[in-house]
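Should a chain be cited, it is by its letter among A, B and C, assigned in written order, with residues numbered from 1 in that chain.
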Amino acid sequence: MNTDSTAIDLEDLRTTIAEVLELDTEEVTDDARFVQDLGVDSLLALEMQIALEEQYGVHLTEADLGEATTLRATYDLVTRKVAAA
Amino acid sequence: MSANELVVTGIGVVSPRGCDPAALDLEGAVPADDAWFDVAAELGPRGYKYVPPSCRYLLAATRRAVADAGGSPAAVPEAERGMAVGTNSGIAALIDGMDATVTGPGAERLSPATAPYFSINTLAGRVAMDHGVKGWNLTLTSPRTAGLEALLAGARAVAAGRSTVLLAGSTEAALPDHHPAHAASEAGAVVLVLEPRGRAAAAPYGTCRTAVFSLPAAEPQLDEILIRLLKDAPAPDSALLVTDATDASPLGAVLADALRRFGVPADTVPPAAGTLLPMLHLARTLGRPGPPRLLATTSPDGACALTLARPRHLPDRT
Amino acid sequence: MTRVLITGAGAVSGLGAGVEAMWRGLCAAPGDPPRRAADPGARMALPLIHRAPAEEGPGGRTTRLALMAAREAVADAGLDGAHLARGAVVMGTGGGDADLWERPLDPDRTEAPAFTVASAVAAALGAGGGATCVSNACSAGGFGLAMALDMIRAGEADVVVAGGAEAYSRVALGCFNRMRAVDPYACRPFHRDRAGTVFGEGAAVLVLESAGHARRRGVRRHYAELAGSGWSCDAHHLTAPDPEGAQIRRAMTQALADAGVGADAVGCVVPHGTGTRLNDVVESEALGAVFGERLGRLPLYSLKALIGHTAGAAGALGAVAAALVLDRRTVPPNVPLGADQDPECPVHLPQGGTVPLTGRHVMVNAFAFGGNNVSLVLEGRTA
């Protein structure tokens, strides 16, 4: 598998997360903190986990989820998971 | 007429039968789907993605009722606000869909953010979050009667000093497509704002008081129950019974006979699947000036609820 | 104000059928683990439940449990048909007869309306004074009793048969699994490793009666008085408690005020204590705010550790436990926690043997999804 097909598009990820959180994509800035800035609670975090697993075909543990505190952190996490898959 | 007597100061309705309480079209059937409800127009563009239909209706009806009351619930401290909601089929379709998921692909495929709504009290719980209802919150669920019952339970809680202001209503959503009673589904919500006459700023719509009983056990006491309900109030000039045809159930006939003894002629309309129809009739009765009227509903299991609605007289709300 | 007596009691839970079986179970504290539900449709990681011995028969399982407890309570109180004809019924249940209205695995089964628990009890008892089904989730049974108290005080009824009932619900358990709210081992309130709750089945019903009515019909003995209740709503989050605990504190202090006693009168608390991480800490802190420095000495009886979280029945089973504690002047031993008790929950959980009750009042807490909180205060007989 070449790197092109495993690369994650940051804007796609932003759109996915914005949809899960019912936000405009502009509000999901690279560094907005999900919990403190965007009002994510534990149930929305689980909702986000499902969306990411479905879209990127990866498996995320709850520890992984704890790492995904911002869009940028989530991008790094998913990129790593996809590469390892 | 005491200053503590609760008066209705706001009415909120969202229903395929209309949203203007005074102009509700309560004849005939309405389609059992969600297409009539514009969530963005009622509630705004976002924040309700994971909220099931019956909760959206209740949120919208509450907003309308609170606005109609001039925002008076917001004028009392949060601990002084109470809410009683009746619903029977409010989450029936949601539970059905969740169970299809659990028994099919498994519980891991449930939506986590929608999962809390398996518990029917979260419908009113969500409204409490939006309106700072911290006094207390009750969800009543008996078939057909729970909407009118919410008025009684709510008034009792206010009388016991558990809050100053009361939001009381009913919400329902369509039954699952494959349910035998799907065609009789109800969708929509009614919410009333009630507060003590002494503190009501807006000219009130009127008052209501409710009694509940179970037949046949209560039949020997029916006259006593009616005397107590009608005490110290102008006599109602008519009654509307939301009840099964008398050949299917004797309850309506027993009730109609008792009312006839009190000189109150009773009309009968067939029930719908939930607890909403009697509340829609109540909203319409209170929504326009008129004589006192009795509204009743019966459930095949014997439960009955009877509400005396006393709308304002014309000169009262000028 | 009208005094309201508990003149009859009925209970069924994982400890068995009947109030005496319950008391024996409380004193023995067997601490049996939950079982996996025998339900082929329960596709979830942790289908754990404490089953109660429901009688076979027509109708839904919750209704059958409710009827067992209601019939026991009415017989215990010695109520006859004439008393019951004027009596009311209030039953709390979170999910009603979930086995009937969840999507049936058996396609030939007819669909029944939901939430007929109270009306079925009223019909079976011949109670004519109304049948209210209250579905405030895990505080429904507590609210059922509190509403009955207000009904009697308001003069709407002299006798109310009230309580709560809950049976296994596949959807409820599936949702708790999905929300990561089920402990894989057991219901372990106040345990440092607690990881959620475990549901149990059960029903509890009390006969509540005005003191005047009880006297007129010659009642010679009552368990205790239901002396007060306090209600509140967090209005904070659908599932999580408000971490400040302001509203559960208010429910407790209002219940004490309604009963006309101070916190120092309370000799035992049956807490809500579900084993959910945040809930137990918030409740411990609120108890500390209400009872002050007595928190470390005030006996708590942590019922759910023994029978699981019986949801809509939990507040009513807690009230039966409280009535028995007052009736027998004895606090049963808690399921041993020992050194595993969470230091963030510095409550007193007597273990290893019964302790005598000091004080004349017992508090029962029932909190729920939607932040629906109720506290009850029961008062013992004068000696």
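By definition in this document, contacts are C-beta pairs under 8 Å (C-beta built on N, C-alpha and C of every residue); 3 or more make two chains touch, one makes a residue touch a chain.
Labels paired with UniProt names: C = 3-oxoacyl-ACP synthase.
Treat the numbers as computed from the prediction; the structure is a model and nothing was measured.
Taken as a graph of touching chains, this assembly is fully connected, with contact between every pair of chains.
Counting C-beta pairs in contact, the pair that comes out ahead of the other among B-C and A-C is B-C. Look at where the CA atoms of chain A average out and do the same for chain B: the two points lie 42 Å apart. Once the centre of each chain is set as its mean CA position, chain B and chain C turn out to be 28 Å apart.
The distance from the centre of chain A to the centre of chain C, with each centre set as the mean of the Cα atoms, comes to 42 Å.
Residues of chain B found to touch two or more other chains are 112, 115-116.
Within chain A, the positions touching two or more other chains are listed as 43, 46. The residues of chain C that reach two or more other chains are 178-179, 237, 239, listed in rising order.
Those residues of chain B that touch chain A in the shared complex are 46-47, 49-50, 111-113, 115-116.
Here chain A touches chain C in the complex through residues 41-43, 46, 62, going by the rule given at the top. Those residues of chain C that touch chain A in the complex are listed here as 178-180, 237, 239-240. For chain C in complex with chain B, the touching residues are 41-45, 84-86, 88-89, 94-96, 101-103, 105, 110-111, 113-116, 118-120, 122-123, 126-137, 140, 143, 147, 150-151, 153-154, 156, 170-175, 177-179, 231-239, 247, 250, 368-372. For chain B in complex with chain C, the touching residues are 78-79, 83, 88-89, 92, 95-96, 98-108, 110, 112, 115-122, 124-126, 128-129, 131-143, 146, 149, 153, 156-157, 159-160, 162, 176, 179-181, 211-221, 299, 301-303.
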